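Below are two complexes that have subunit A in common, paired first with subunit B and then with subunit C.
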Partner chain A sequence: MELPEKIMLSQGGGGTASAALIEAEIVSRFARSGVLAGLPDAASLPEGVIFSTDSFVVTPRFFPGGNVGKLAVCGTVNDILVSGGIPKYLSLAMVLEEGFSRKELGEILDSVKEMADAEGVQIATGDTKVVPAGAVDGIFLNTAGIGFCRHGIRLGREYLSAGDKIIVSGGIGDHGMAVLSARHGINGVESDCGSLRKFADEAFRIGGQGIKLMRDPTRGGTGAVLTELLKGTPFGAGLEESAIPVSEKTRTLCRMTGIDPLFAACEGRMIAIVSAEVADEIVESWKQLPGGELAAVIGTLNTNAEEIVLCGEWGGKRKLILPAGDPLPRIC
Partner chain B sequence: MELPEKIMLSQGGGGTASAALIEAEIVSRFARSGVLAGLPDAASLPEGVIFSTDSFVVTPRFFPGGNVGKLAVCGTVNDILVSGGIPKYLSLAMVLEEGFSRKELGEILDSVKEMADAEGVQIATGDTKVVPAGAVDGIFLNTAGIGFCRHGIRLGREYLSAGDKIIVSGGIGDHGMAVLSARHGINGVESDCGSLRKFADEAFRIGGQGIKLMRDPTRGGTGAVLTELLKGTPFGAGLEESAIPVSEKTRTLCRMTGIDPLFAACEGRMIAIVSAEVADEIVESWKQLPGGELAAVIGTLNTNAEEIVLCGEWGGKRKLILPAGDPLPRIC
Partner chain C sequence: MSSKQEMVQHVFCGLADKIGRPVRLMEVCGSHSFAIAKAGIRNLLPPSVQLLSGPGCPVCVSGEDFISRSIRLVRSGIRVAVFGDLMRIPSPLGTLGAEKGLIVIYSPEEVLDYAESHPEEQVVFSAVGFEPTVSAAAVVLETARKKNLKNFSMLCDFKNVRPVLDLLCADQETALDGFLLPGHVAAVTGSDLFKGLPVPGVVSGFSPENILSSIALLLNEIAAGRNSILNNYPSAVVPEGNPEGLKMIKSVFEPADGEWRGIGLVVGGNWKIGSAYGGFDAMERFSVLQEPLPPHQDRGCRCGEVLKGRIMPDECPLFGKICTSEHPVGACMVSEEGACAALWHNREAV
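Take a look at the complex of A and B:
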């Protein structure tokens, strides 16, 4: 893809435009080899440390089910969890706009604290910058996280095989639709923004080395994550459209807006590719967890390299095509 | 200090206004105990990991001697070095403004790569966000860094004693004055932006456990760092004004602008408090390093708790009073 001279909004959306920018600017410089190769959600360092970072620029800063502070903890904690780590320390860097409300800052930091305490992670280091009015939109956060590897597990594309099942820990697209409804004052969907700790614990307890890959489908949603996971592998996937869990409210809002829930972001859901033998048991245990009620097996790996096909209720099939950008910028 | 309802620019400046905001919003929530207590430049985790983060919002993005990319590597690398660690991995998170020049992005990332390669640190994980035009001023970077403890060294206020020497690794205030001259088109000072790796190596090789504390005097400069280092200790310091190294160009620009070089930022200098026996030898070895030509012993610890006194060339004395904000916002 030929890149334009100027950065485009779509290049932050998690679709093909993002991928092209990252390939041209980041992979070419930093990820041809070493721990960044393959662009995992978090780096697995040879020292047994799992390391991840994300910036948080969501608008609005408060949305049903969370705010930018809660998101900043969950986002990085979840990246470590889906990479097979147990998160332990976070950094917290804030860029504040001159004139930003200190009351709002306090509420955001209260959420950071509440979520960090609940997850047993310590805010270990931080930074606070203030820039003149107009140089940033209110508050941008960054967290980086350090976790330590779980024992006896291994994740990687090299463990995939045809017949593996794709499972999801709950209804998809809630976060994207919650942000959308908050922007437009619709009394709508609540974000799934939350920690995946219990979902990861259950999956590894039941599945052990039967867990092949995990990701949390944030920007670009489930569709983008599955595309990335299978990229460069000899495997494709068939997804059962009727099995893909979407809550009633999110489905309605998606229909109203024409947004495909497969490309709407989650901030508290997990996609995993697992051995067929353990898939059902993991899904059953996920259904017992709060937020996991809609957990489901949604598809199966096959040998059609990199091709993801959606199988409709009445037998129709369509190829999953990743969009260029995100329908909703600034959702995290 | 009573805090205002709105965030003020001075609260990002490294002076007393910053300290009050951090005390009210961060220390109260996150740093009453645990690894963030005492607000070190980097966290020393019980696992032997040194962890640090900084955001970089400097304006202009390119200045004599560096740019925001070089700064983003040096800033975090240096925080780890002065905390007794050897930096090994960095995260790199970018927030880009829609419409930002991809050529400029490329130059900034080239500097990141060049500096990371020179330092032997790997970019291990990252994140790229794009926000609509107007939501951020061009590009803000964040790096977090992981290092591992040097063996056989220990740093901490508990090792200080009266008679310890305060040493500095080169002329102070160059970075602040370089940014100032770049903003106003003055053909002025070159930033000291650079790595402290060789300075730390030499100091620990010669001084070992005679090194008590180290800091890099960035926002707030040498004055703010010394104030922080002695806060809560039974020690004060006398500084020999004539011994404080300031390059000719920086001194001239400081005189023109009325800025005290003691409060102007460095981005490649180190302040250390060390045993009197090792001070001269470390300074002599620093003088052999590029950038270390002006290294000097600048003062001595005494028992006047928290009081820093400047002793002038003609015998006059004045107390060092930390300003509320920084004379130059957005210098890093």
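Take a look at the complex of A and C:
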């Protein structure tokens, strides 16, 4: 893809435009080899250390089900969890706009504390910068996290095989639609923003080495994550469209706006590729967890390299094509 | 194969056998194009039944001149409001998306609010669309007149669907056997609008099952040799349409000849602002719109033949190679309801 001279909003959307920018500017410099190669959600360092970072620019800052502070903790914690780690320490960096409300700052930081305490992670280091009005929009946060690898597990594309099942821990697209409804004053959809700790614990307890890969489908949604997971592998996937869980509210809002729930962001859901023997048991245990009620097996790996095919209710088939950008910029 | 799929194939194969020759059906609604591609309906049909995408996406059929004129307005310092799907349509002057100072709106009322709160600016609502949008625009113009908004006007390229269907029926190369008729348009105009077509037609809704049953009904009419117009979207469509909507359209707009991209001049194919509302017509208000326009460019794409149903999008040599949704060459690749984009985003898998 030919890159424009100036950065475009769509290049931050998690679609093909983002991938092209990252390939040209990041992969070429930093990820041809070493720990960043393959662009995992979190880096696996020597001695079992898992390391990850994320920035948070969501607008609006407060949305049904969360705010930028809660998101800043969950986002990084979840990246470590889906990489097979147990998060322990977070950094917290803030860029504040001159004139930003101190009351709002307090509320956001209270959420950070509440979420970090609940997750058993410590805010271990931090930074605060203030820039002139207009240089950022209110508050931008960054968190980086350190965790330690669970014992006896192994995750990686090299463990995939045809027949593996794709499972999802709950209804997809809720965060994207919650942010969209908050922007347009529509009531109804609540964000799934939350920690994946219990989902990861259950999956590894039941599945062990049967867990091949995990991701949390944030920007770009489930569709983008599946595309990324299978990129460069000899495997493709068949998805049953009617099995993909979407809450009634999110489905309605997606229909109204024309947004495909497969490309709408989640902030508290997990996609895993697991061996067929453990798939149903994990899904059943996820269904018992709060937020996991709609967990489901949504598809199966096959040997059609990198091709994801959706099979509709009536038997019509189409390929899953990654959009160029995100229909909703600044989702997280 | 699921039992639903078996049932569908059984029904379609039976109808195709009864007809006993290849048939060419056309949908003339962008939402149908998208829904058909998304549900993978083409690969459920027998090979003898071909489903073509006609000129059903307003963004695709609007004249190139409309985009050039909108860009002229922006460049002369006038505040132009548009729906987002127009931003990437190519024109000899570039795209609206490359211009600064536009307002992208979600609902036409937003333009009126903007004009009211910015009396120092001239505000133009640039819009394209078929009858459902035309009726909404009529309400906007009526409201603007009631509010006596002096700084508001409209540049429009509104399309009247019926004449182009007659034109397509007369096209020997397209050789149509029937139409899947647009449900949203019919909700305003009524299914009676389509009476008298030389081929049968079925007004359809948008769910995969509604589209499938509409295609089955259409094939049944072809097999029986009837030219009926059937309404298979009765939850939204009645024969006489929405009387209020039609009254609004006719009180504000009048039919006019119009340029359809890729098709050419369609007699009676447009709705223009009527004389009673002439004061709100940007064409009359701004002299910059009277200046000669740059000639149309030959971009090498075969949009026109796609829109006429002569070829499928993937028969265009540019499709998927240099014309993609990231870099659209033709208008049909811009809006996701365009024939090319619908197919590009939902490539069918065999």
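In the analysis below, the second predicted complex is superposed on the first by the 332 of 332 C-alpha atoms of A that agree within 3 Å, B and C clash if a C-alpha of one lies under 4 Å from a C-alpha of the other, contacts with A are read in each partner's own complex, and residues count from 1 in each chain.
Simple rule for what comes next: a contact is a pair of C-beta atoms (placed from the backbone, for glycine too) under 8 Å apart; a residue touches a chain by one contact, two chains touch by 3 or more.
Here the structure is a predicted model, which means the values were calculated and not measured.
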If touched residues of subunit A are counted for subunit B and for subunit C, the larger one
B
Which superposed partner A:I321 touches (first subunit B, second subunit C, both, neither)
second
A:D127 in the overlay: touching subunit B, subunit C, both, or neither? Say first, second, both or neither.
first
Have a look at where A:E98 lands relative to subunit B and subunit C in the superposition and call it first, second, both or neither.
first
Touching residues (chain side subunit A, partner subunit C) in the complex
1-2, 16-17, 184, 258, 307, 309-319, 321, 323-324
Per the touch rule above, subunit C residues touching subunit A in the complex are 1-2, 4-5, 8-9, 37-44, 106, 208-209, 212, 325-327, 336, 344-350
Parts of subunit B lying in touch with subunit A, wherever the complex brings them together:
3-13, 18, 21-22, 25-26, 29-31, 34-36, 40, 42-43, 45, 47, 49, 51-55, 57, 59, 89, 91-103, 105-106, 109-110, 112-113, 116, 122-132, 134-137, 140, 142, 144, 146, 148, 329-330
